[in-house]
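Shared chain: chain A. Partners: chain B in the first complex, chain C in the second.
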Partner chain A sequence: MEYEFHWIIVFQKLPQLLNGAFVTLHVSVLSMLIGITIAVLLAIMKMSKARIVSLPATLWVEIARNTPALFQIYMAYFGLGAFGIHLSPYAAVLSALVFVNAGYLTETFRGGFQAIPKTQYSASKSLGMNSVQIYRYIILPQMFRRIYHPMTNQFVWSILMSSLGILVGMDELSGETQRLQSLSFRTLEFFIVAAVMYFLITKLVLFSAALIARRVFRGDL
Partner chain B sequence: MGNSFFTPLSWNDTGFILTGVLNTVTISLVAIIVGTLLGLAVGFIRAEANRFTNILLGGVLDALRSVPLIIQLILFSTYVGAIGHPLDPFVTGSIVLSLYSMAFMSEVFRGGFESVHHSMATAARSLGMSYWQTVAYIRLPIGLRAVFPSWLGVALSVIKDSALVSVIGYMELLRTSEQLISRTQQPLEILIGVGLFYFIVSYPLSLYGRYIERKMAI
Partner chain C sequence: MIQIQNVHKSFGSLEVLKGINLEVNKGEVVSVIGGSGSGKSTLLYCINAIEKIQQGRIIVDDIDVHAKSTNRDKLRQKLGMVFQQWNSFPHLTVLENASLAPRIVLKMGRKEAMEIAKKELNHVGLGDKFDEYPTRMSGGQQQRLAIARALAMKPDYMLFDEVTSALDPELVGEVLDTLRMLRDDGMTMICVTHEIAFAREVSDKVAFFHQGVIEEIGTPEQVIVNPRKEATQKFLSKVLH
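Let's look at the complex of A and B:
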């Protein structure tokens, strides 16, 4: 049996799909920003010698890394209902992505921090730098260089995983595609266009990240 | 009480849950094994092939990695349905998940093959080994050892990603739990159980991977 493609319906709905793509980007960017903030805190907690401080951070990291993202979204969407917390699909997907991003980035940040030899602190100190200067000019630039690529990868991962919003009825690219195809039953066409859009979005993100890296790190990466 | 629509979780549900567990394990194993074998072949080709083949092959693999798995699953199962050859959800899921893991594993193995220095293969050839002997006895064992932790990482992510096969109707663990939730209205207990299962499988393996990585670093 041959399948006949009908593309016109899809192109008529392109504005809605682009809206969905915008929501996808929106939720991923937000999940990264909040995730980074939490990850910095968790990384500091994890490096603490007091177990009572490091244990919650370790638990967060291990749960985030060792359970499926879909499970986390279900937990946020259905599970929290048991505590009387009812999140919207957007909030559920956002909080699940934040949870995972924070978990993965904690390890990235900790690795980046520990990769810088302790001797650099003493060297900077002996040059007469105070601790703000040491971090501003010596430690953080090197750290940023090390965590930049893992961070872009995490961002791409967030974009791809936000597609799970389809399962809780969110209006990001996949959910929007699902809704639109159910009106016309051109399932294949709609999802092909969605796939192309995801591909273009991730390529655009990686391309911009490479451009930024070239400007910021001036080639020595 | 007084609500006849919902019946609480009971021991009778054990069989149902176990089917879900078994299905998750089965499809993960299939995808990991097929993905590893294909990834090994593709990774080897990519390490050996010329620029042109690499760009072509790289493009396909890139597409597999840049489109969300859930979209790939829906696309493939809709496609086989549309051309009149609908497949069993297990078969559809296995094919898509295997190709998806192949895309990641081929990069891992390619890195492994390329980590073995040329001079080693040259030395082996000068000892009278044939090309394929060099591959089988020198490049493969050394290269594979180097990338074992990364391979394990991909395998673990395949286990977690197998949860997505529920969208096309395969009764893996998360889908069985979803059905139980809609019957029992006890989302928290059921979801915590599901999360624990994944955690118990994944956590020891990820610890082992980190241990090996540390050991190799020294």
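Let's look at the complex of A and C:
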């Protein structure tokens, strides 16, 4: 028997799907911004010679990188729930994505920091800059530039992984798709359109990232 | 005045400086010569406290550099330093390289910092390179940028760490000319250098470093032309072929 496509229902529900797509974009952008901030701190901690400083960072990285994202979302939603901490599906997915993003980006950033010659620190110091100024004006701008492409990959990963929100009933693109197809039984149509939307979101993000890079990163390293 | 008193410095079990005594008066040019690993560059790093010392004292204008209570970020404003590898900031333009520290360390307004940076860049002959990125310039130009960047902080002393050693031979001249110009401006300078002829020409004092101690010190005439110690004679006969 041939499958008969019925697209009209999908187009009727397009506003809901777009809404879901917006939530997907929203949660991934936020998970990246928070993840990047935490990862900068973790990377600096991880490079410390004092074990008491580096150990918590190492633990974070090891757990985040060596357990499935699915479990992390379950932990944030059901796991914390068992201890009386009830997160909304959105908050649970966001915290899980932040946790993983920070874990992966820490290693990326650490590599970026280590690629910057030590002499950049000495030169900055010799000009009277303090540590905060050295990081703010000299080290971080060069570090971000070196790791920019791996960082955008992580961004794409976040967008795609946020689809796991489907498991905790989040209303992002996958959750919406799931809900709409179960009401209409047009499974294939809805998932095809959702897949196209994911594709477009990641392309949009990569395109914007490239634009930003062209504007922000001048000169060569 | 910079006073270096009985300074000892070790990296792990390797003692690099074994009791260095040296005085540099205002307006003086002191050149430090000697073989690789003799500790001459390390001494510069100790003077502006990028490296710690284990024993002795370094006093810059009555400030004990390595004392616990000393604000070293502030002290380093007095001491400009230029490195063998010029260490330009690759993500900043030439003008930004030279104006950053005055802006964020000396808290100058953007305009004022730019003015000072432009003046110093003009001074070292980079007046047409303000918006260029350092990585697109020659080593000699980058080294002159490093000098202007340090001068923009209005330091009282300049420390030069083998500033021509990493340059292609044809670029050495322009950097040495810049140093001569600074000497004529009356800048107090300590130059660690392998350019013996240059040291002889510009220095008030020459110190010959050998195995972590100052083996011989005096006027260029005394140390370079008529060295008394055997180690100095050996070193000079090797470099002045």
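Simple rule for what comes next: the second predicted complex is superposed on the first by the 201 of 221 C-alpha atoms of A that agree within 3 Å, B and C clash if a C-alpha of one lies under 4 Å from a C-alpha of the other, contacts with A are read in each partner's own complex, and residues count from 1 in each chain.
Throughout what follows, a contact is a pair of C-beta atoms (placed from the backbone, for glycine too) under 8 Å apart; a residue touches a chain by one contact, two chains touch by 3 or more.
Computed from a predicted model, the values in this text were never measured in an experiment.
Participant: Classify the contacts of A:130 with the two partner chains as first (chain B alone), second (chain C alone), both, or neither.
Facilitator: second
Participant: Scan A:122 for contacts with chain B and chain C and give back first, second, both or neither.
Facilitator: second
Participant: Please work out whether A:67 is in contact with chain B alone, chain C alone, both, or neither, and reply first, second, both or neither.
Facilitator: first
Participant: In the overlay, answer first, second, both or neither for which of chain B and chain C A:160 touches.
Facilitator: first
Participant: Does chain C touch more residues of chain A than chain B does, or is it the other way round?
Facilitator: B
Participant: Which residues of chain A touch chain C in their complex?
Facilitator: Chain A reaches chain C through residues 117, 119-120, 122-130, 133, 137-138, 141-142, 145, 217-221.
Participant: Help me check something: in the complex, which residues belonging to chain C touch chain A?
Facilitator: 45, 48, 50, 73-74, 76-77, 79-81, 83, 85, 87, 89-93, 100-101, 104-106, 133-136, 146, 149-150, 153
Participant: Which of the residues in chain B come into contact with chain A in the complex?
Facilitator: Residues 63, 66-72, 74-75, 78-79, 82-84, 156, 160-164, 166-167, 174, 178, 181, 186-188, 191-192, 194-195, 198-199, 202-203, 206 of chain B touch chain A in their complex.
Participant: In the complex of these two chains, what residues of chain A are touching chain B?
Facilitator: Listed in rising order, the residues are 1-3, 62-63, 65-71, 74-75, 78-79, 81-83, 156, 160-161, 163-164, 166-167, 174, 187-188, 191-192, 194-195, 198-199, 202-203.
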